[in-house]
């Protein structure tokens, strides 16, 4: 299937290539970085890109290229962790709300709407400011911002599936709520949520980099792309410090979004026929 | 080749083929279909779901989506081959000389325009009516299709109407330009029994009033019996039998038609065990070799699974696609292209 | 009460709330409103009526899938409306449901074998071997082969799926099967196969059917007795002959006359009804049919007619019928 | 700027001369009784006259609105004669009562700067032009303290009309704060014309000013937090002064025409806190380890990061204050071998792991977390593995003040320009206690500190301070890393923009060349 | 009538929302290890217990938590959002100062995003699978993928520093005086004052941040317009329209677009909400004196009255925008009736 889509879709192919590249880089990063990403060399700080330092060096003489490569790991992990955490919470929450329905559903959905209305980034900043910025706190904050999306999708899926006759069939056979929920409804509802989660990966990476740009990620000297761009803003006149990590975020997000965009098209049954 | 076709044919479809290129592969939804309709006549097309009835109707209007659909053959309407006309010319015929009523009244109307506006549209487009004239005519049409308080319905949106009302609006819209040919693709299947009766009655009455030919697509033999002059039976993309209504019902020639007729419970028949056609319609990707109906056929012989039968005339008005008939007719068989 | 009564439905009412729970003035859809009738052992009772008149709701309420607002459903002498969970679960074995849409009624993610195993799992009956044997037997009985067991629903045709649905309904040896439009989604040629199968199974397993359909020809073919519903109410019940040849209620008459007729020589008079079915959320006063009735009188809009026995076993709810 | 060519920056529509300065301000109020932020005096100094003031340097305060002053023999009574005929911007005459009212208001408002008034016993106004302060005890820095806005002279009549009060319960009954934010009631050369938080403060010429009129009609202080942006705008000529530049920024514009780069010694220190409490600091609490750390650090590298002009004092006493020793020689200050020996002596030959806490902010254009990474790097050489923990300054302050940080990076600006303010670092004193460096741990040093606080004789004071520094070089819970340089830049057609730590730039003095 | 009832219901939710949001921030704020007292008193004063007591009393921090919350809600009901610990000004005043800048930028960028997003989406759907379509889809994906803080930096570097064709950060050129505030939206205020050059300057300053901020929403709108239009084009009533003999252009303009825009409206609502969230980053880069920067500072200072204030403001905004979207929905789609 993959190949067939790829053949017909230029953007999708690019996405696949870019993403695979980043995943490979993340896997083998320590082996291919030309320098230790932590090694400081104050004698050679702020070196412009050259054959020695492809992306130049930063304010304490570290090799930006090596740091960008290493940074792919954190970005991927952060994106993955957020999505997993948020979709897990969202699925359970939305599933319960949708299944029980009625007033419970109404109240639960109002609460999730409230979380959605809540300015997420401010929430994240507050949490980070309060608990101290760290990867865990940031991921936690992101998951808190993110789960209602999944809850909503899950809920509507569950509500739609709840009406299905096979659920009624199970009911008429005397199946318990537990069994109905986990055996009949859940397996048929998680698909779209998981798809949404995959498509959301790029957005999670973006949000994470935004937060780490604000200084809310893991502490230095972790090579976080967002934080590196912030360093670039601080050292405005050395364009390479911020440009390359920014490009890294961009390419990773573009890659996942190209895939997501094409998949979205592909998964839409009305559009699929013609792909 | 076919010499017995009268010049009074309003529409003649010759060797229509439609195939779809899908992700699972290519399949032929309509195979070598030839049909003709005289003006003023009502032709019924019956057949199982997926047998290509709608696609045939759509290809008359050149509405088969392309891609994935690929159409070939001749569609001669009013002495013009519609397939050779430019899109612009086809558009002038659509909605004007040929109109169509669709199966789903719920989704076939645009939800964000009022019914009146949608009825007026073809009038403004094809007849060059002024807005005022168009409105007057639209109200007239609404009255004609039996909608009470047309002035109010005119202003309402489709969702404010019941299914039966919507189907009436669809009919009014189709009849707006007094088309010469009306294609009705299962116009009543989505409706309730009593409403279905209303619509059928309406169509019957209108048929006399508007004097257009009608192609009535349905899988309900009852509707065919009540409405049609002639019947075409389709199976797996092919015409398997055609003929005048009464003859065909009394004396079906194709085993499929026969099975179909016998398997329907009716209230006039005595209660007895229903006749069945065993098996299921073949998947379009796995068409059986030879005759498409052969795996389900009680009379099938080795010949049937080896070679596909042609559509042959058994009388000037009747044609059938079956080896049994071929064998009975012996050497006399003639290949025809028009299901008469 | 006669011994051969399997189910007795008494004054059953099932209302749905139409608005969300936050709104102030709640509206009710009276899907089933004060319906009483009986099902006899081994018979097929047909339930006909237009879309939305409450046929499915009635069937499901009898099964206990909905909690009725009022009324009783007495199954073999026991009112199942008041049953507690465990007893209800046992009761479930005796009643089953076959659905209209064969694709929607099978979980797309389970193989046919899993689907058929489900009832055993839920009720924890039979050993693995027994289950397997029973499933095989049923598959054969409904005309499917064993190799279908490992398939998924989407790999089967509509008729085959409906057969699986029927097999599932039979696994626990029920006494009553409610068939909710079991053939209306099927193609004409397949329809007959399924109808024949249902008839055979009835004889073989001594089943009672509540057969819901809006196809009056099918009901005519399969049913011993028929009930005609209109807007949540039962307007006429009686034997097959009563309903088809001695029709009393004007609505039932219209319904029967509306059946398209497959004999080209037969020209019959059709009773056309005015307008559409009113919404069950606010049904007309008096007789609910009075807005469309060709034989309407003044009384009809004021008083609600009760279901009266006009002939032995033939009940009609109409002011115009004595 | 008035003299700027019109092509790059048009004049105000009416031809007024205006100075535009970009900075990353921290001011939150312009109520002289409450303001105590770093940049407060930049705005308030040209608006409110004080009895004493600094002109170009911080050597010794000179008379401000006081014509002359006298200190009694016992050092407890200060008498000030005011200039005659001074009027507030409102036109109200300025009298001794206004001075007394203003100071009393500051005392009673209990704002952040109120501690400067702590030593005052009473204030008397024998006549319209005389103010007398009676102190509780001798205070060598009292005149310096008088330069602060807590002593700024407010037009009491106008202020009271707008809800101000000097009553004892002023901290709750005074309602003038919001008024003061967008208005002023001073006698300085400028008045506050408008204040849009986060955007700008506009100062306009005081038409009733008693002294020599300033050059500019208007001074606009633009809030632009990002140094890169400040730099860009300066290059474009959109602003006249870009005040918050890092050392790296100025490098970029070194040879650009039309720009003058300014560099000055700031009084801000960056230091490493090493806790003395083993319960908090673990191995860090060992004095030998602390000394090892002091020897292990690469001061030259740190100065590179902090930028040209930064130095490393020996102890927490700024170069530029009375009695401060010459700074360390960065070339020889690092001695890894000796440091390793000390580690061995302390029993940590194999090193250990610890956390280095740092607030996320920039000190004089230098990013503290960047410096932390340098320290992390250096400490690795003697086997100390550190994990950096960053947090917002406001969050980090909590454990810092409670003394629960093992190893942390901090900065310090003097409360007032006098070495006495630095005595806080001594054991048993407030900052010392943040490292749990108690008085018992070094009684000798405590003794010296006590003497320094009351010593009035200049030579003795210098000797005393030098002793303290030498002792702290040997044994201290703090390692002073840097005394920063301040980098900023101006368009080259203006003058009077020299740095003075108290005011940053004395806006009264800025004019076109 | 139905609409009014619907609005009343949303407003009822608003009350619930405000209470919820304030409660959440309140709980976070008081369960954190840090202390706003420490954050906002000078080092000297921290050591002075009397000062600390005075400070706590002033901000009501000496009372038990629930009392503090009830006091807060009590004030809230009277429209009093409390006083910012950091700026010592009423939070409401602060918000009034900062919010217009944010709104001005948000409106500008949403307009850009809507215009270009819909245009691109329509073109892309009509020319499905063409090179043009791929290009536009590429751009829209780029739009949703580009980190705004980085794009802002790049824009400034390129257009302001390097080429000098775009204005620098801030709402207006530094040497200009802000217009007399009527609406607090500079462009409009300048126009009201008849000051054309100022209006142009303000508008010009909106360009870069507006583009940066709007890029995400634009991508989103493009994507939605495209897929929604494609979806609508496959619906039955389009076939009906074809059967009537309409030209493709007429079909798109009269039948498809109206229906296709309905989901786009929702996305615009979401996009607007996103804008306000993304403000923190963009405002930081462009020195934009808006609510984002205010919130950033407030969070850093644990200035909880301010954080609650901002959160409530943005939440209300979210609800109001959604309400507007829903109303617009009802206008575009006659099927939607608010019971």
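The first chain written gets the first letter, and so on, giving A, B, C, D and E; residue counts start at 1 in each chain.
The rule is short, and it goes like this: a contact is a pair of C-beta atoms (placed from the backbone, for glycine too) under 8 Å apart; a residue touches a chain by one contact, two chains touch by 3 or more.
The chain list, named the UniProt way, goes like this: B, C = Oligopeptide/dipeptide ABC transporter, ATP-binding protein.
For clarity, every value in this text was computed on a predicted model and none was experimentally measured.
In this assembly, the chain whose C-alpha centre lies farthest from chain B is D.
Greatest centre-to-centre distance from chain C is found for D, with centres as Cα means. Annotation: 44 Å between the Cα-based centres of chain A and chain D. A straight line joining the Cα centres of chain C and chain D is 87 Å long. Work out the mean CA point of chain A and of chain C, and you get 50 Å between them. Separation between the centroids of chain A and chain E, computed from CA atoms only, is 22 Å.
Residue positions 226, 228-229, 232, 392, 394-395 of chain D each touch two or more of the other chains. Shared interface positions of chain C, defined as residues touching 2 or more other chains, are 22.
Annotation for chain A: residues 129-130, 233, 236 touch two or more other chains. Those residues of chain A that touch chain D in the shared complex are 38, 40, 42, 45-46, 59-60, 129-130, 132-134, 215, 219-221, 231, 233-238.
Residues 9-10, 12, 18, 20, 22, 28-29, 34, 36, 110, 112-115, 171-172, 177-178, 181, 196-199, 220, 222-226, 228-229, 232-233, 235-236, 238-239, 392-395, 397-398, 401, 415, 430 of chain D touch chain E in their complex. By the touch criterion given at the top, residues 61, 63, 91-96, 99-100, 102, 104, 107-113, 121-122, 125-126, 157, 159, 170, 173 of chain B touch chain E in their complex. Within the complex formed with chain A, the chain E residues making contact are 13, 16-17, 20-21, 24-25, 28-29, 32-34, 134, 137-138, 140-142, 144-151, 153-154, 157, 223, 227, 230-231, 234, 273, 276-278, 280-281, 284-285, 295-296, 299-300, 302, 307, 310-311, 314-315, 318-319.
Of all residues in chain C, those touching chain A in their complex are 20-22, 60, 63, 65, 88-89, 92-93, 95-97, 99-101, 104-109, 118-119, 122-123, 165, 168, 172.
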